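Some structures are shown below for you to check.
Each of the next two complexes has subunit A plus one other chain: subunit B in the first, subunit C in the second.
The block that comes next holds the complex of A and B.
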């Protein structure tokens, strides 16, 4: 009997308190309808105040990149506030530079919408959507790189520029109790809008790459957001130099295909660096393109070719190979994608050749 | 309820302010007292918030204790009941502050929800039970303790601000010198003892 009384009285106390807190939340956290003006009126949305900018915008299908889902641990969801609305919170400080704080940059997940706001975000975020996709095909390219072909279900089409990336959400698996979003470049041509391909290298210990490599099967559904990124083809050069290493090939392939498809009168040279034969992929594919299109040259290079590789192509670090093959900087643009070490080395080589920094675009990962 | 000591609530109020100051005599609520006392404005803001929460929670806890806990014979669960009530009260105060005093809310930041686990808050609810205070005694005890805590942290922050430019040996900088100052302030408060004949 006394147990019953104890449980009942404690539960009713907890229920009453919970009801009071919810009631207070309902009344105190109600800031009415607030208007968020984005990029000087490019888009305005009416939201119910009281939630963060990040989640308020997400309800209107405007997705600001966020890897942590609004916990202030990734620092990605930066937006610029046109007027100062409130001081920067201690939770935001670690992710903002002094210059950013000066310029009104805040983390969208930490700023609560309490009144009408004016914010600035990169224009591309307005065209970003969330997609449901089905894994259509998984191809093993090398011992640690796989290609995933994803059929877009909802929305069924994506318009993107060659070189842009999407963010894929991982799901819980095995001992990993965390869902993360990771960026992967789209490796298929932008002319195919109904499906995209991703080239993913297995990063030892990586949450999302392990998820994709070891737990995703054909037929599985994935959630992704995109397209994002400033790494895409620019106008104004008649010879494009592409330099990539490993899965850095992913954003380069659609760029090359895009130019071939649009029959642009541009010369292209693609340097692809790998250690040994087992790290090479898409070799026959690019050799075939090279044979069919006179304006395209493919130069794969191995930095540590083994005798059994029977390699008769270029050898040495990719930077040395670039230096051997390119000498005249005139009319050239360079697109680089690979590890930070490779990019930094290649930037040095291109500078020595004489290609100005304004003609070099790169994507470090 | 009936056997409350016959002490004038006003005396309890003054006693909890000076002779039995929650932080400087009972040494409760030290964590935020040490860590949020480097700036006067923030410290004073936190002091006010703690005082506010103390008044509310002791009052609510007294009512719940005497109207729910004692009649049902649940005294052994009072820790649980008190801490749940404190958590809910802090939640509501936080929401209200975010709405009506946003600047203070931003400045208090993480310390506002942390008031929930400020031991001084739970402490006075337990003291009120041990000392069998009546309702008005409890209200003034909570009010006095809150003001006392505010006064103490504001005084400490004022001293620390004055000392900010002083050159200290490296080993004494930060919390170390703060503890020494706290000790000296506590000694001064011991000087009040005997003024009020309670506790």
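The block that comes next holds the complex of A and C.
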């Protein structure tokens, strides 16, 4: 008990000090209006000091990618500071390499604007827009995955590359008192510019996936920003290997459709991993594509097939299935999307096959 | 039980909204400090420590591949790990982030099942927090000790 009381006392003291510092910062430091100079003056914005770079820029419709909504759990919102402003925070360290830190890279969600700043960001971030969209259709794909078709209202069209994602804003619901923004890959083909589709897996306790799955109805309006991401098709390979699990199928589907529509002379093999038949979706869809296009092969696999599944396809972890079917690394690129565990396992398998890291692409949220 | 101001702030993080769509404290009317204290007493009665718990949970987690379906461990435990895209922050604001993963263990001899998230292991090991009564990921020490044979 005495240890417990000691810990509580020390914690209290630390908290009181932290609270005092925070209060002093809030009340005594009026940062006034600060100017953020972007990309050497390509764009400058005046913001009220005190907020993060991420949120300050978002108020000016400049959207830096952030899958976690500014909680420093995704590491996507990297910007380069032209001047050194403050030491890197512990919250940023897991996402920054030594080289990035040395080069002034910071997480925009963790750096507060306290004076005029100069930053560098990829030019395409300046073309990202905010969209209003209407939920046109909701389709249940599995027991925990739904597809949302969103009709774009304002702007009414979006140009994106197959594989990119948008950030969807949740709204308040139930006891949730905070709006969040989360990233979801676009699962529809880029040729359809007036509507986009998202494939969303319900995460137990997930704020935005619970919002989408349990509170959004057909006809509802949503706010989203995009397109984001560097997970898109590259030139230079004649055999593309796609590996996905669960809702990781989302960005792969438009990539395959894009290649088929453009009639590119590329062979494609799509490995899709699931535990049992109840986790599979789009099977008939991809089998139909396979029947119509000789350059496309679809290999779904179950890692925990049950007798009632009556499964006669590939079995085992999707990485084991890849290893059984792919041996020659020559001329191949790989595109991965799924849980962090699946991505790590797939990277190991592809490395063993001999496919170089420079030919492997993935978004690891 | 009185509790420190930082615990009040942490309680705020634990409520529905900031980090998750559920309340880490569940329907428990006790304070965070009281929940931790009473679970510590429960552990003492069981002759266990929070580290023992976390170690056993981690043992099972390590035996299950992500989305690999149920794996039989030690001949009688069916262990399954469902992994999702994304990470969740620790509500104790210690900068720890856990993958969004849910582990299910069925003790086939007892016919009993327990479920936890990756974050639970950290909450128990580092903060002695088993979540409040009625929380979706509440780890009931005596029940989990029985099922996991700790």
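One rule holds for everything that comes next: the second predicted complex is superposed on the first by the 256 of 365 C-alpha atoms of A that agree within 3 Å, B and C clash if a C-alpha of one lies under 4 Å from a C-alpha of the other, contacts with A are read in each partner's own complex, and residues count from 1 in each chain.
The rule we apply is simple: contacts are C-beta pairs under 8 Å (C-beta built on N, C-alpha and C of every residue); 3 or more make two chains touch, one makes a residue touch a chain.
Just so we're clear, the structure is a prediction, and the values are computed from it rather than from any experiment.
K.L.:
Does the superposition put A:71 against subunit B (first), subunit C (second), both, or neither?
P.N.:
second
K.L.:
Go through the superposed model and pick first if A:90 touches only subunit B, second if only subunit C, both, or neither.
P.N.:
both
K.L.:
Classify the contacts of A:35 with the two partner chains as first (subunit B alone), second (subunit C alone), both, or neither.
P.N.:
After superposing on A, A:35 lies clear of both subunit B and subunit C.
K.L.:
Contact-wise, after the overlay, does A:206 reach subunit B, subunit C, both or neither (first, second, both, neither)?
P.N.:
After superposition on chain A, A:206 lies in contact with subunit C alone.
K.L.:
Touching A:297, do we find subunit B (first), subunit C (second), both, or neither?
P.N.:
Neither partner.
K.L.:
A:129 contacts which: subunit B (first), subunit C (second), both, neither?
P.N.:
Touch partners of A:129: none, neither subunit B nor subunit C.
K.L.:
One more residue to check, A:114. First (subunit B), second (subunit C), both or neither?
P.N.:
first
K.L.:
For subunit A, which side has the bigger count of touched residues, subunit B or subunit C?
P.N.:
C
K.L.:
Report, in rising order, the residues of subunit A that make contact with subunit B in one complex and with subunit C in the other.
P.N.:
9, 14, 18, 90-91
K.L.:
Hey, which residues of subunit A end up touching subunit C in the complex?
P.N.:
Touch list, subunit A to subunit C: 4, 8-9, 11-12, 14-16, 18-19, 67-68, 71-74, 90-91, 94, 174-178, 182, 201, 203-207, 210-211, 245-248, 273-276, 302-305, 317, 338-342, 345, 365.
K.L.:
Can you name the residues of subunit B that touch subunit A in the complex?
P.N.:
Spelled out, the residues of subunit B in touch with subunit A are 64, 68, 72-74, 77, 80-81, 84-85, 88, 91-92, 95-96, 98-99, 102-103, 106-107, 109-110.
K.L.:
Can you check the complex and tell me which residues of subunit C touch subunit A?
P.N.:
So the residues of subunit C in touch with subunit A come to 3-7, 9, 15-23, 33, 37, 40, 65-70, 80-81, 83-89, 95, 97, 99-102, 117, 136-137.
K.L.:
Give the list of subunit A residues in touch with subunit B in this complex.
P.N.:
Its residues touching subunit B are 2, 5-6, 9-10, 13-14, 17-18, 20-21, 24-25, 28-29, 86-87, 89-91, 112, 114.
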